[in-house]
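Heads up, the next two complexes both have chain A, just with different partners, chain B and then chain C.
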Partner chain A sequence: MAAVQLENVRKVFEGGQVAVHGLTLDVKEGELIVLVGPSGCGKSTSLRMIAGLEEVTEGIIRIDGKVVNDTPPKDRDIAMVFQNYALYPHLTVYDNMAFGLRLRKVPRTEIDREVRSAAELLGIETLLDRKPKALSGGQRQRVALGRAIVRKPKVFLFDEPLSNLDAKLRVQMRTEIARLHKRLKTTMIYVTHDQTEAMTLGNRIVVMKDGHVQQIDNPMILYNRPTNKFVAGFIGSPAMNFLLGTVDRRGFREESGIFLSLPPRHKKRLTKYVGKKVILGIRPEDFWVGGPRNRGIRVQVEVVEPMGNETYLYFSTAKNGAHHVARITASETPAAGSTVNLQVDMTKAHFFDPETELAL
Partner chain B sequence: MEKRRLLITFFLAPSFVVLAGVVLYPFLYNVVLSFGNMNLTTIRHWDLIGFRQYVKIFTEPSQPDFYTVFWKTIVWTVVNVFFHVVLGVFLALLLNQKLRGKSIYRTILILPWAIPQYIVALTWRGMFNYEYGSLNIMINKYLGLPAVEWLKSPTEAFLACILTNVWLGFPFMMVIALGAMQSIPHELYEAAAIDGARWWHRIRMITLPLIRPIMVPAITLGTIWTFNNLNIVWLVSNAGEPADNTHILVSFVYKAAFNFYGYSYAAALSMVIFVILLLFSLAFLRTTRATEAAF
Partner chain C sequence: MDQQRLTRILATATTHILLVLFAVFAVFPIWQIVNISLRPGDQLLSSTLELIPSNATLENYERLFTETEFLRWIGNSVFVAFAVTATGVVLASTAGYGFSRFRFTGRNFGLLTLLTTQMFPATMLLLPMYIMLITLGLINTFLGVIIVYSATALPFCIWTMKGYYDTIPVSLEEAARIDGCGRFQAFSRIILPLAAPALVITALFSFMTAWSEYIVAAQILQDSQLWTLPLGLKSFEASMSTQWGLYGSASLIVMVPVVLLFLALSRWLVSGLTLGSVKG
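Our next item is the complex of A and B:
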C-alpha cells in the first residue's frame, strides 16, 4: 500500500502535442481513484506515466514518497492490468501469473503458493493449465488480475480493463474489482471512459478533458455539484439536458419560449445574471409527466425507449433544437408522437455560464 | 446443389489444368522416368527397369560420390539456414527498435534479395578471384594475410558458395522475422517491463517464442530452397569446380542429367531429394507444432 502523488505533471509528445497539462493529484494510501474522460483526454497517458511506460516531460511523480520519474517500471513496485489483457499467449495461465515472480527469483514453492491462492481468490484454479486463447474474455481478464495480484504491488494500475467485455460481464467484473479492493486494501488507480464504471468504483473520480483536470471529487459530489458543463454532461447516464436561455426576474426563458420559474434559492443565486444568457442543466430523472398545463413544458415525444422499470422519452424543445431526454417511471409511458406535459424539478436544476461553461 | 457443384468445377478447372500440366504431369513423368533406363543412347526406346537406378545411386560408386555429396548438402543447408535465421532475426531485432533512418537501413538490407541470383553469383565469383577479387585485396591489404585460393581448393570453393548464399538469403528471414515481430502486441512488452523483464528477457521470453509460429514455416521453406539451390553452387563454383568437389545433391542431379545425359539416373536422384525434403518438412512441422496459432 502506498500513496501516489503527481505534481504539475505534463506530457508533451514528439511533435509538440500536449497530452497532459500540469496534472496534480494526491492518491491516498489504499484509495481507489478513477481517471475518467473521453478518448484523448490524457487519462491513459497519465496512468502510463505513473507506470513508467511514458516519460514525464515536466513535473514530479512520487510513489510511497519516492520520486520515480527516472525509475524503470520494474522498480516502481506497481502492477498493471491492460485493456486487452496483455497475457503472454504462449504461456499457460499458471506461467502467466508466475512470470513476474520468476523474474524476481522468488522461490518456486512461494510462487506456487501465491499463484494458487490468487487463482482461488479469482475462481480460476481450474484454468491454470490452459493457454489464454482457450479462455473467454472474462476469464482472461481474471488471469490478468491474478498476474497483478500475485506480485503484491504497492499500487495497482488499471487501464480500461473492462472495455473489451460484454455488458453483463463488465458489471460482474466491476463488482469483483470493487470486492478485490475492499479485500486487498491496496492503492488502485483506474482509468476508464465509462462514467458508470467510474461512479460505481471510485472513492474519488478525476474527470479529465483535453489533458486538463476538470474536477476531482467523490462520485456524489461530481453528480450533484459539477463544476462545469463538461462534468455535468459527462457524469450521469443518460446525460444531463442543456437548454440555452435568458434569466429574468421570475425565471428562466428558453430560446423557443419555454418558461420555467425558478425556486427562491436559484433566484437569489442568479440575480446578477438577470437579462443575460445562461445554460440550464436538467438531469433526465428530474422530469415527470403530468401536472398543470400552465406550469412545466409541453413537448412532442419523438422516441420512447422502455427499459422495463423506467422509460426514456426523447424530445426537442425547438425546431432543429437540441434533443433532450427525460427518465420517467414506466407507468407514465406515453406513446411516441404524442404531446405530453413535462414538469421539471427546478430545485435540482444546474446553471452554467455559456462562455466559460463554469457552474453558476 | 448440382448446379453449384458444376459452377465450382467450372471455375476451378482452368487452374487445375495448368497445375496438372506444369506440376502433376512433370512429377509423375519424373517418377516413371526414375524406374527407367533413359540416357542419351536410349532416349527414343527406353524401358522400365524397376529399382535399378535407385540401387545404383546407393550402391555403385559415382563421381562425385553420392554419400559425400549428400553430407555436403546437409552441411550446406544447415550452415546456410543457420546464418540466414540468426542474421535475419538479429537484424530484424535491430530494425524493430526506434531507429533514425530505419527505412533506409531496411531498404539496404533487403537489396541482396532484390538482385537476381545470377548477377549475385557472378559478382561474388568475381570478388573471389585470386588476383583481382576484392576479398583477397582486403584480406591482403587490411589484415596483412596471404591471399586465399577461393575457387581452386575444394574447401575454400565450398566456403565461397556458402558465403554468397548467406549474403543472398538473410534478407528473406529478416523480412519475415520483422513482420512477425511487428505483429506482437506492444502491451506484452509493457506488461513484461512492469513484471521486471530486462531487454534480454523480453527477447527470450516474448519475441522469440512469439515469432516462432511464423519463423518455422519460413525456415522450412528456406531449408527446401537452400537444399535445392542450384544457381549459387553452379555459378560460383563454375559447375562444381574444382573437380566436382563443390556439388550439392541438386547440382549433382543437374550434372547427371544435362552433362552426362543419365536422365533416369537423375530422375531417381531427384526422387531421393523429394523424399528427403518431404520427410524433413513433415517431421519439422510436426515437432515444432508450427501450425498452431499463438494468439
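Our next item is the complex of A and C:
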C-alpha cells in the first residue's frame, strides 16, 4: 500500500501534441481513485506515466514518497490490468500468474501458494492448466486480475479493464473489483471512459478533458455540485439537459419562450446575471409529468424508452432544436407523439456561464 | 441433366485436370532423378516408362560415399547453412523488432532500402561483392560466403520478422515489463516465443539461401576442400562426360535435409499463436 503523487505532470508527444497539461494529483494510501473522461482526454497517458510505460515530459511522479520518473516499470512495484487483458498466450493460466514471482526468484512453494490463493479468490482455480485462448472474456480478465494480485504490489493500475466485456459481465466484474479493493485495501488507480464505472467504484473521481483536470471530488459531490458544464454533462446517465436562456427578475426564459420561475435561493445567486444569458442544467430525474398547465413546460414527446422501473422521454424545445431527456416513473409514461406538461424541480437546477462554462 | 449441374461438373473436371497436370510437372523431375540414380552406369535417357528401373542398383550411392568427397561437401554445406541460419535468425529477429517497435530517424529509409536491395538480381551484385571480398581477403573462405549469403537473405528476413512483430500486441511486452522484465527480457521471454512462426520462416529461408546456392559459391570457393554441395554436384559434370548416376543420387541426398527441416518445422509455421492473448 502506497500513496501516489503527481506534481504538475505534463506529457508532450513527438510532434508537439500535448496529451496531459500539468496534472497534479494526490492519491492517498489505500484509495481507489478513478480517472474518467472521453477518448483523448489524457487519462490513459497519465496512467501509463505512473506505470513507467510513457516518459514524463515535465513534472514529478512519486510512489510511496520516492520519485520514480526515471525508475523502470519493473522497479516501481506496481501491477497493471490492461483493457485487452495482455495475457501471455504461450503460457498457461498458472504460468501467467506465476510469471512475475518467478522473475523475482520467489521460492517455488511460495509461488504455488500465492497463485492458488489468488485463483481461489477469483474463482479460477479450475482453469490453471488452460491456455488463455481456451478462456472466455470474463475468465481472461479474472486471470489478468489474478496476475496482478499475486505480486502484492504497492499500487494497482487499471486501464479500462472492463471495456471489452459484455454489459452483464461488466457489472459483475465491477462489483468484484470493488470487493477486491475492500479486501486488499491496496491503492488503486482506475481509468475508464464509463462514468457509471467511475461513480460506482471511485472513492474519488478525477474528471479529465483535453489533458486538463476538470474536477477532483467524491462521486456525490461531482454529481450534485459539478464545477463546470463539461463535468455536469459527463457525470450522470442520461446526461444533464442544457437550455440556453436569459435570467430576468422572476425567472429563467429559454430562447423558445419556455419560462421557469426561480426559487429564492437561485434568484439571489443569479442577481448579477439579470438580463444576461446563462445555461440552465436540469438532470433528467428532476422532471415529472403533470402539474398545473401555467407552470412547467409543454412539450411533444418524440421517443419513449421504457426501462421497466422508469421511462425516458425524449423531446426537443422548438426553437433551437436541442434534444432533451426526462426520466420519469413508469406509471406516468405517456404515448410517443403526445403533448405533455413537464414540471421541473428548479431547486435542483444548475446554472453555467455560457462563455466560461463554469458553474454559477 | 440440367444446364447448371453440367456446368458444375465441367468446372470441377477442369480444375482437377489442371491440378493433376501441375502435380505431374512437380513430381516428374523428382521421379526422373530417382530413376537416374538407380540406373546402372551413367544412362541419362531411357525409353522405358517403368517407375523403378528393372535393373535398379544402389551402386551410384555407394560410389558417391566411397569414391568422391561427398561427405566433406555435406559437412561444408551444413556448416555454411547453419552459420547463415544462425546469423539470419539473430540479426533479423532483433532488427525486425527494432523496426517494428521503435520510431527513429531513418526508420522508413532503412526499411525501404532493405526492400530495394531485393529488386536487384543476385548476378548483378556478383562483381562488386567479389571485389569487396578480395579487398577484405575473404575469397576462398567460408566467412566470405557466409557474409554474402547472410546479406542476401537478411532483408527478406527482417521484413518478415518486422511484419510478424507488428501483429503482436505491444501490451504483452508492457505487461511483462511491469511484471518484472527489462526490455530485452520482455523481448526474449514473451515476444520471441510468440514470433516462432516468423522465426521458422526466417530460419528456413536463410538455410535454403545457403544450402542450394551455386553462383556465389562458385566465385568465392575455389579450393575443392571448401566446396559446398552445389559445387560438388557440378563437378560430376565434365567436358567429355557427365556422371549422371552420381549426380542423381547426390541430388536426392541434398534434398533430404531440406525436406526433413520443412517437416520438422511445419507445426511452427502455423501462425496465430497470439490468439487468446488479447480481446476476442
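In the analysis below, the second predicted complex is superposed on the first by the 358 of 360 C-alpha atoms of A that agree within 3 Å, B and C clash if a C-alpha of one lies under 4 Å from a C-alpha of the other, contacts with A are read in each partner's own complex, and residues count from 1 in each chain.
Keep this in mind: contacts are C-beta pairs under 8 Å (C-beta built on N, C-alpha and C of every residue); 3 or more make two chains touch, one makes a residue touch a chain.
Keep in mind that this is a model prediction, so the values were computed, not measured.
Undergrad: Once chain A from each complex is brought into register, does chain C clash with chain B or fit beside it?
TA: Partners clash after overlay.
Undergrad: For A:Glu14 in the superposed arrangement: first (chain B), second (chain C), both or neither?
TA: A:Glu14: touches chain C, not chain B.
Undergrad: Specify the partner with more touching residues on chain A, choosing between chain B and chain C.
TA: C
Undergrad: Scan A:Val67 for contacts with chain B and chain C and give back first, second, both or neither.
TA: After superposition on chain A, A:Val67 lies in contact with neither partner.
Undergrad: Once the shared chain is lined up, is A:Asn164 touching chain B (first), chain C (second), both, or neither of them?
TA: After superposition on chain A, A:Asn164 lies in contact with chain C alone.
Undergrad: Tell me the contact category for A:Ala336 with respect to chain B and chain C: first, second, both or neither.
TA: Once the two structures are laid over each other on A, A:Ala336 reaches no partner at all.
Undergrad: Answer with first, second, both or neither: which of chain B and chain C does A:Ile78 touch in the superposed model?
TA: both
Undergrad: According to the stated criteria, A:Ala134 is in contact with first (chain B), second (chain C), both, or neither; which is it?
TA: It touches chain C, and chain B stays clear.
Undergrad: For chain A, which residues belong to both interfaces, chain B and chain C?
TA: In the superposed arrangement, which is not itself an observed complex, chain A uses residues 51-53, 72-74, 76, 78-80, 82, 84, 86, 88-90, 99-100, 103-104, 133, 147, 151 for both chain B and chain C.
Undergrad: Tell me, which parts of chain A touch chain B in their complex?
TA: 51-53, 72-74, 76, 78-80, 82, 84, 86, 88-90, 99-100, 103-104, 133, 147, 151
Undergrad: Which residues, counting only chain B, touch chain A once they are in their complex?
TA: Residue list for chain B touching chain A: 185, 187-188, 190-197, 201, 205-206, 209-210, 212, 293-295.
Undergrad: Flag every residue of chain C that touches chain A in the complex, lowest number first.
TA: It is residues 103, 169, 171-172, 174-182, 185, 190, 193-194, 273-280 of chain C that touch chain A.
Undergrad: What does chain A use to touch chain C in their complex?
TA: 14, 51-53, 72-74, 76, 78-80, 82-90, 99-100, 103-104, 131-135, 137, 140, 147, 151, 164
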